[in-house]
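Per-chain numbering from 1; labels A, B and C assigned in written order.
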Amino acid sequence: MSDEHPLAPDPALRILEALLFAAAEPLTREQLSAHLPANADVEHLLDRLARHYSTSGVNLVRRGDGWAFRTAPDLAFLLRTEQQEPRTLSRAALETLAIIAYHQPATRAEIESIRGVAVGKGTMDILLETGWVRLRGRRRVPGRPVTYGTTSAFLDHFGLQSLGDLPGLEDLKGAGLLTTRPPASLPLRFEPPLGDDDDPPENPDQEDQG
Amino acid sequence: MSDEHPLAPDPALRILEALLFAAAEPLTREQLSAHLPANADVEHLLDRLARHYSTSGVNLVRRGDGWAFRTAPDLAFLLRTEQQEPRTLSRAALETLAIIAYHQPATRAEIESIRGVAVGKGTMDILLETGWVRLRGRRRVPGRPVTYGTTSAFLDHFGLQSLGDLPGLEDLKGAGLLTTRPPASLPLRFEPPLGDDDDPPENPDQEDQG
Amino acid sequence: MGIADDWLAIPPEIEAEPGAVLRVDVEGYEGPLDLLLDLARRQKVDLAAISVLQLAEQYLAFIQEQREQRIEPAADYLVMAAWLAYLKSRLLLPAAPADAEPSGEALAAALHWRLQRLQAMRRAAASLWDRPRLGAQVLPRGAPEPVEIAHRPHWDTSLLDLLKAYATQRERVAPAAYAPRTRTVWSLPDARERLQSLLRDTSDWISLDGYLARFLGDPAERATARASGFAASLELVRQGEVELRQEQAFGPVLLRRREGQGA
C-alpha cells in the first residue's frame, strides 16, 4: 500500500479539494463548476471526492444545496476537550442526596418531611447533574409524585459495591456519627415512608425511565 | 486506480487528519500527540500524512513548531478571484520586517543602521499588529534596548517551514551581509549607535525573556 | 572619534533660520543610503563593480543641485554629504605614512558593504512578499471546527461527608427526651425546724457546716441546705432564739441557743 495520493493525476479533483477546504460555507455545484473546465462533470467529481474521503478523518458531506468537508462523525470526540473543575456540594444538596440514598425511592415530599425544610429546585438539579441521582418513577398515590433514587455512578463515586453497603444506623452510631438513637418512628433505610394508602415501590424495571 | 482512501486502516492517521483539518492555526506535535496513544510516533505519522497529501489540492505543511493543512500553492490562481489581498505593507514596513526576519533578534538601532533612516513608531506598531513581529527581549548592553523577532504566524503567512527557509538566507550569510558590523576585512568601526564597550548580540536563546 | 563614526548618529536639531532655505527630506528617498543606492543603480553596473568615488561625486552633485534650488536637504543627507566629501579626499590624496585614520579604500569598502546589505534586504523583502502568502495565494481551512471545551465538574464529596450529612439530619429531627432535673430544695420552714431541733439539745457553739454535714449524705444538696440553713438562722437570730458568730471572713459560721430560751 502506498501513501501516494491517488488523486494526483486529476487536476479537477485537486481544484475541488482546495475550494471546498478553503470555503467558509458549503459550496454549491454551480459555485464549484465556475472554477472547472466547462465540460467537467461536477456531480461525478464530487462523488469521487466524497468516496475518496469516506474513510478518512474528514468527510465530504452534503449540506443542503452545498458540499463541505466536515470531521468524520466518529471522530467528533476529538473536538471536545473536558476540563475538570473541582466543585463542592452545598449542605442542602449533600443532605438531600443522603436522604435519597437511604430512603430511595423517595419523593420530594418525603425528603422534605425528613429534612424539615423544602428542597429547592436548584438542589435537585445539581444532584441530577452530578449523575448520582436519577428519576426512578412515580409513586402510585394521588398526584403520582416522581420518585428519586441513586445511580451506579453514585456507587462508583462513593466506593460502594451496592446500596446494602451503606452503613446502617447502628454503624453510624458506632462510628460516633450518631450520638442518640433515632426513634423507631422514623423510617429505616430502604424503607420508604409509606402511608397506609401507599403502594409499595414498583418494580424498578417498570419504573425506570432513564 | 481506486478512489479508496489508503489511510483508512490507520486510526492514528485519521485522528491527525481530523485534528489538523478542524484547526485554522498550525498545531504542535504536543497538541497532536495528546490525542494519540502514548507510544505513537507522531513525527513519522505526520510525515506519512504530509506525503499522502503532497499531490493533493490541500497540503500538510510544517510551520515552525506546528503543522497545518493549507491549499496547494500552485492553485493560487483559483483563489485570486475569490480572495482580496488581505494586507499590504508600506515599503518601509516590509523592509523593516525583512531586516527583523533575517537579523533577529534585532534592535531598532540595528534596523535603522541597515536602512540608513529612522524607523517610524507607526511602522513598528503596524508590524507588531500584524502578529508577525514580536518583542523578543532586551539586548544585554547599556540601555538594554528591546530586540525584535518574528513569530510563528510570520512563518505561516509566508509559507516558511522555519526561519532557515527564508529566501536566499544561505547566500546572504555567505556574503557576510547578515552581520550588523562590517566584516573584519573592513578596519572600521561603523556602527555609531553601538560603542566600543558593547557586547555582540547574544545567543537568542539566552536573550529571550518571554 | 572620526567623522566616519558620526554620519549615522542622530543629527542634532538644526535651528530653523527665518527666511532661510527650506529643509525637506529629499523627495522620493528614504534617507541618504536609499539615495546612494539609487545613484549606484544609475551607474548601470553591478553593485559589486561600482565606483565609490564616482558615487560620492554624484551624491555631492545631487545635494549641490538641491541647494541651488534653495531646498535644504534634511540633516542626515548633509551629514552623509560631509562624510562622502571626506571619503573623496581620502581616496584622492595619498595617505600620510603615520596616518591613524582609516584608508580611503577601507572607507569605500565599508560604504560598499552597507549598500550591498541594504540592497540585499530590499531583495529579501521583495522575495518574501512574492512567496505564496496565507490568505492571498494559500488558504487555511475556511470553516475551522473549533474545539469545544466541556467543563466537567469534579465533585469532591466523600462517603464520610454523606454519612455525616445523613446522621446530622437524623439527629436534628429526633425528638429530644427532655426531662428537667428535679433538685431537692430545702424550704425555709424545713431548715428552721431542723435548726431548732438541733439546738434544743445543746447550749454549745456548733458549726453550721458541721451540723449540716450530719444531716446530709448527698453533697449535691449541700448548697441548698447551707443557703436555707443560713437564712433560717438569721431569722432565728432576729427572733432572739439564736446567737451567730464568725471568727473571720469565710470562717465557719457558729451558732448557739440563747440562754434562757427554749427548753
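By definition in this document, a residue touches a chain if its C-beta (ideal position, glycine included) is under 8 Å from a C-beta of that chain, and two chains touch if they have at least 3 such contacts.
Computed from a predicted model, the values in this text were never measured in an experiment.
Peer 1: Determine the chain that sits nearest the middle of the structure, using the mean of its CA atoms as its centre.
Peer 2: C
Peer 1: By mean C-alpha coordinates, which chain is most distant from chain C?
Peer 2: A
Peer 1: What whole-Å value do you get for the distance between chain B and chain C if each is reduced to the mean of its CA atoms?
Peer 2: Inter-chain centre distance comes to 34 Å.
Peer 1: Let me have the rounded angstrom distance from the C-alpha centre of chain A over to the C-alpha centre of chain C, please.
Peer 2: 41
Peer 1: Suppose each chain is reduced to the average of its Cα coordinates; what separation in Å results between chain A and chain B?
Peer 2: Computed from C-alpha means, the inter-chain centre distance equals 44 Å.
Peer 1: Could you pull out the residues of chain A that touch at least 2 other chains?
Peer 2: Residues 18, 21-22, 69, 71, 78-79 of chain A each touch two or more of the other chains.
Peer 1: Would you mind listing the residues of chain C that make contact with two or more other chains?
Peer 2: 139-141, 145-147
Peer 1: Within their complex, state which residues of chain A touch chain B.
Peer 2: 1-9, 13-19, 21-22, 35, 48, 51-58, 69, 71-72, 75, 78-79
Peer 1: Under the stated contact criterion, what part of chain C meets chain A in this complex?
Peer 2: 139-143, 145-159, 161-175
Peer 1: In the complex, go through chain B and note every residue touching chain C.
Peer 2: Checking each residue of chain B against chain C gives 21-25, 68-73, 76, 79-80, 83, 85-87, 89, 91-92, 94-95, 97-99, 101-102, 112-118, 156-160, 166-168, 172, 175-177, 182-183, 185-193.
Peer 1: Give every residue of chain C touching chain B within the complex, in rising order.
Peer 2: Interface residues on the chain C side: 4-10, 30-34, 76, 102, 106-107, 109-110, 113-114, 116-118, 120-125, 127-129, 131-141, 144-147.
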